[in-house]
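For clarity, chains are labelled A, B, C and D in written order, and residue numbers in each chain start from 1.
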Amino acid sequence: MTQKALVHDGHLIDSGILTNILNLIIDEGGDYEISRFDVGKTPDDESHLRILLKAQDSDSLEALADKLSVLGMRGLGETEAVWGKVTRDKAAPENFYSTTNHRTEVFYEGKWRPVARQRMDAAIVKTSSGPECVKLRDLKVDDDVLLGSSSVTVHPPVAETGGTDGFAFMDNEVSSERNATLAAETVASEMRDIRQRGGKIVTVAGPVVIHTGGGDALAKLVSGGWIQGFLGGNAIAVHDLESRLFGTSLGVDLTTGRPTHEGHKNHMMAINEVYSHGSIAEMIASGGLEGGLMHAVIGSGIPFCLAGSIRDDGPLPETEMDMIAAQKAYAEIIADAEMILMLSTMLHSIGTGNMTPSWVKTVCVDINPAVVTKLSDRGSAQAVGIVSDVGLFLRALASFLDG
Amino acid sequence: MTQKALVHDGHLIDSGILTNILNLIIDEGGDYEISRFDVGKTPDDESHLRILLKAQDSDSLEALADKLSVLGMRGLGETEAVWGKVTRDKAAPENFYSTTNHRTEVFYEGKWRPVARQRMDAAIVKTSSGPECVKLRDLKVDDDVLLGSSSVTVHPPVAETGGTDGFAFMDNEVSSERNATLAAETVASEMRDIRQRGGKIVTVAGPVVIHTGGGDALAKLVSGGWIQGFLGGNAIAVHDLESRLFGTSLGVDLTTGRPTHEGHKNHMMAINEVYSHGSIAEMIASGGLEGGLMHAVIGSGIPFCLAGSIRDDGPLPETEMDMIAAQKAYAEIIADAEMILMLSTMLHSIGTGNMTPSWVKTVCVDINPAVVTKLSDRGSAQAVGIVSDVGLFLRALASFLDG
Amino acid sequence: MTQKALVHDGHLIDSGILTNILNLIIDEGGDYEISRFDVGKTPDDESHLRILLKAQDSDSLEALADKLSVLGMRGLGETEAVWGKVTRDKAAPENFYSTTNHRTEVFYEGKWRPVARQRMDAAIVKTSSGPECVKLRDLKVDDDVLLGSSSVTVHPPVAETGGTDGFAFMDNEVSSERNATLAAETVASEMRDIRQRGGKIVTVAGPVVIHTGGGDALAKLVSGGWIQGFLGGNAIAVHDLESRLFGTSLGVDLTTGRPTHEGHKNHMMAINEVYSHGSIAEMIASGGLEGGLMHAVIGSGIPFCLAGSIRDDGPLPETEMDMIAAQKAYAEIIADAEMILMLSTMLHSIGTGNMTPSWVKTVCVDINPAVVTKLSDRGSAQAVGIVSDVGLFLRALASFLDG
Amino acid sequence: MTQKALVHDGHLIDSGILTNILNLIIDEGGDYEISRFDVGKTPDDESHLRILLKAQDSDSLEALADKLSVLGMRGLGETEAVWGKVTRDKAAPENFYSTTNHRTEVFYEGKWRPVARQRMDAAIVKTSSGPECVKLRDLKVDDDVLLGSSSVTVHPPVAETGGTDGFAFMDNEVSSERNATLAAETVASEMRDIRQRGGKIVTVAGPVVIHTGGGDALAKLVSGGWIQGFLGGNAIAVHDLESRLFGTSLGVDLTTGRPTHEGHKNHMMAINEVYSHGSIAEMIASGGLEGGLMHAVIGSGIPFCLAGSIRDDGPLPETEMDMIAAQKAYAEIIADAEMILMLSTMLHSIGTGNMTPSWVKTVCVDINPAVVTKLSDRGSAQAVGIVSDVGLFLRALASFLDG
């Protein structure tokens, strides 16, 4: 058995992190002795923990310490970061540190330094302005990549408790048996707060928003200045255009709810109409499109990206079919967002979640509880889920924000 | 090969029944020759079909003719019904005719006679007032039970087409990607029509109505005279009471949406409160309950039945724990209903569907598309599904009916 | 502000209970000061906590202490229990203690006494042999019912960690993206252990077991002595009989998978066949049924209960249609079970979960993740979920137990 | 009212097409008179229908005739095709004919000519070798694009009836309550038939195949020569590699089923390992990967395409991130396939379905019934759904194909 002292300062108990730390050690076959534990006497006090971590051999010990670092544990004292050089583009040196989406600091040259562009599943590269998250594919020969976790401190978000912040009400289990009107009210109130302080709200939306009749409500939010960035795919734009040009969505009549026979053709007619104008923007400019969601998005001038996919028809000229470029555009649009509203699109929501820091308020509305579960499984544990009908939900949200 | 002539008069083509008839014959290993087919020249005309049904032997022939009778085919000319005596309570004679939920006629003593108390899965008994559906368990020694299908004509409902009746819009595939606001509007308009002609609307509702905040809207429909019968289970009443007495539903605070710790206890407190009064009705009478859904149901004096189940707590004094009695009460309440609104309860909806004739307009609202599918699988093919959030849906419905 | 000292001894941290305790206090508007916290130095050591609980007034203080008792906190020292008399059958005195499904002790007449017949949502009655859980409906005038929680200690189960017990692998989030073969292997190994020590395993099964082709595998488990009690409803027995008599299940041919037209009639024919014999048992005795699940259940002589419901056809003579009697029979059959296998029936699984202590290993197999979530929501948090195809799962399980 | 004669030859009744034709006319506000209807006397005979279609004005009449053409109705006699010139790349002339996925013929220069590269949502371009489906985005200035539908005959597939082809068993409603073992057996038997006649089978697979433990079974099918083309995304390859290199899939240990803490990092390690080798192929060549699904796919030399998406990590060097290129590669790989096995990936399955002719046998296995419904909604009505656990299903399928 070898051993090593590790410490943790912070909200260890109310966050449940202490429980996770001790269980992880046992699950991984290690052992521990608590050498000191100053528990915060009152809810506002932080706790201080020092443990002696034990493992079979020094490799297991380091591996385990590595895993514990994700939960905020760090070695006693500061350890100067060790960097490895990239010798082949895209390939990180062995034992590179792979990031979480939590706030992270690295200790080097005598100082704890915050990591920029925080996101999950990246490497940390030393740049002249400090440590920075870089995706593997963007690594270049000679980049300095952080190795191991001994010089890292991670700050998992402390769960907000109910007393102080209404927004936390939803961070319970996902269930379809909740009151969506209340949820809409809470989201609206959070959006109002963010707006007041000049914060940024981004939405990621799927075509179900249009099919379920939520398009006008979302367009109203965009025009009303509630949304500062719009992410989606080809389909939401196609069906929005189809609904404006033909009154149908995937061939279903939006005023009667009935399928119109061969209405499935309408979405191709809509795409062709855009091709005839050159682009959606040109179509709007020439008066060929007079309302709807894309009209609001383009008209309001907020940045947007329609990320293509293997299942797209067309695609529309505005749709980005190069996924590398699309991921870049998404990342730029969500930068510094305080809230992301994910509306009934699993694909684009997971894509967005992958690049979102854990401290961004993330609300996911879907009629299928599995979508929210999956988002959490993929690392976006901060996402709160509202299992409801997105069309009705958006109408409720828009009416709360109107008042 | 033996053969036999069968005929069919009615809306054979637009209903898709002709397709079903011919496919069934082939699927079952039989064969056919169409000896005459006068197709309705215009949409309003009926068609007349005569086929020569062929099968390996006379047993297969009869079995096949039997199955075709469900689709409305009958022997050429009229065949006097054959009846078998019940020799043991509850046990029908072999080869008894098992009913569908469609309008049915039996030919005997020289006349086609309509079957009373139509429901699926019953035997037909000859009574002094005519043929009648009787459940197996209600058969008594010496009852005359109809044998075979050769004297039966079944009238499957003709699908209503869109042009004439907006209500049919939903009889398409079940999908969560529809506009529930439109659906609510259509249901509201149908309810208005039924009310105007003095028709009867019954609702079957589950506790999710309360959890999702739809309780007030449903209470309003009841008080407003839109509902003439209320079916449910123990849980919807318990959670309605819990919400009135403690402001929670399954321990979740209905005004903040947050779980209140140990709020799970509240539903037992609510039950105990009723026990102390003797019953919900007595509690209302003594002023112990001043609003909510059960208050509206009991206050409005409409008939209701809370059918118990293996998972019930309490149960409430008003809950019927004998399932034989509960099925009887349900059947009486739905008698002559023109519409049944099924709100987020698979158990009670299937129970109700089992006893409902196929010509009753059945609307099933559930966030889980599988519930609607299951209802259809169990024989209630007429049920139209609205996949949405029942709380938001009821608010929309109530607001349309208010206007 | 009033205050009160509370203590807790046990596995406070690895179980996450400490986190829950402190968060509950804050969520409920209370406050605390930790006066002493001896953390277990090693994984096997218990921790000892003493806090000063604070609240606005003494009512809130008592209410909060009450809620904390569910998590295992108790007043400093022992407090003699206070009992209230029942003055009306079924109605508990105000402020009665409503039980959880965790191991519970009550202090009275100078001693901590374990509560018998532990289940959730009951009152605790003092009997000559000790304290006992009694359902509200079974309370009789003059019963002594425990009031408040100050003389109660609750022992929530300590989560088993992976290192020592493979069975815990599943107590993670519910997901359909898991390897069901592994899950079957783990359940099989647990069943083998239980059998070896003479323990009892009960199954609760729904008709989907038959529809998905898992009936033979389950029958094999029963015949092989793996199952000591069988719970279900009317439908699983009807479809089992239908499959034996006609080779179909809900009219779907079990060897070809095709719906047989009008095969829906077969389940009524099966019921009628039983009625002709008097009961399933008599049918077996007279050679009218030669295999299948019910044959195995009745043949093996294990206790069983088919609990009726509002949606039942027939019902079969063996089906218990009085829900009070059915709940009683279920409770007797699960008494002392070490494991309950819940197979694709939400209704009966929740019914069983309601009466099962939290220390019974509960495995819930369903293709719908929402079923497992719902079971947890209803208080059976110990249930581990396997989201899979129950027919394929049972075949895998049977093959592991065979080897 | 204007009117026009239309005819139809084919299996009008057993396919249900006649029903659809007449209902469509009424739904669209038109009217009809049946001027002649020679019904096929026996199951093998085709029927001949002539109707007089009526509408308000000639525009509505043409629009309606257009919609009817999708169902196989065409004008009396032959009408020479009318072509419009493309005047701007990508933009079809107004009133272009948008294709279905059914076999289609166009009449021009005195002959009915089959359309090549049949797929849905394309334009038809006249080329020197005959008419051909061309996607809008591939239209070039001066292409001759077919206008209107009056010179088109569409041949919707005739539903295979059960008697002659076991494969049709599944074209019933989607349900999770079916026997997946039977389904696997039927699919296996169909695969054996296709293989015997040298046909081509393509699979589209998602990462759930790996998570649920079906990777080895699928690899075995590939190595065994059952699969002639492999379609997927980045994730299935990443998790396959992760499982080979670390024994985990999304961080869940594949032998114990437990999440390994920080195992989420493993998939990034796997990607980095590939980057270090340059590509999966180079990694295999250098001995860095010795088994698993991608090893089988690349080793067997079958064509494959991993289509990227907005949510991809990495991506792997073999992943195609340009969606235009990915759609092209997919289309080439499925060309002439007789069967497509879609395994738990909605995104890639819909993408594939979009380009697949309706006569290709399409089997979709997913634990979520909504996936199959959605595939049908998007036009791939021929897809038969098996709602089951894909891991267990693949094991069953592989064992049937082994025997």
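Brief remarks follow.
Methods note: a residue touches a chain if its C-beta (ideal position, glycine included) is under 8 Å from a C-beta of that chain, and two chains touch if they have at least 3 such contacts.
A quick note: this is a predicted structure, and the numbers were derived from the prediction, not measured.
Chains making contact with subunit A as well as with subunit B: C, D.
Chain pairs A-D and A-C differ in how many C-beta pairs are in contact, and the one with more is A-D.
Mostly identical positions are employed by subunit B and subunit C in their mutual contact, as over half of the interface residue numbers are shared between these two copies.
Put simply, the chain farthest from subunit A by mean CA position is B. Mean C-alpha positions place subunit C and subunit D at a centre distance of 45 Å. Each chain gets one centre point, the mean of its Cα atoms, and the points for subunit A and subunit D are 32 Å apart. Between the Cα centres of subunit A and subunit C there is a gap of 37 Å. Chain contacts: subunit D has residues 27, 162, 176-177, 250, 258, 368, 370, 377 touching two or more partner chains. Per the touch definition, subunit A reaches subunit B in the complex via residues 162, 166, 169-170, 172, 176-183, 186, 208, 211-213, 250, 252, 254-259, 367-368, 387-389, 391-393, 395-396. Of all the residues in subunit A, the ones that touch subunit D in their complex are 24, 27-28, 66-67, 70, 88, 90-92, 96, 98, 121, 136-137, 233, 250, 258, 260-262, 264-265, 267-269, 271-272, 275-276, 307-315, 321-324, 326-327, 330, 347-348, 350-351, 354, 368, 370, 377-379.
Listing the residues of subunit D that touch subunit B in their complex gives 13-16, 18-19, 22-23, 25-27, 29, 31-34, 37, 39-43, 159, 161-163, 173-177, 369-370, 373, 376-377.
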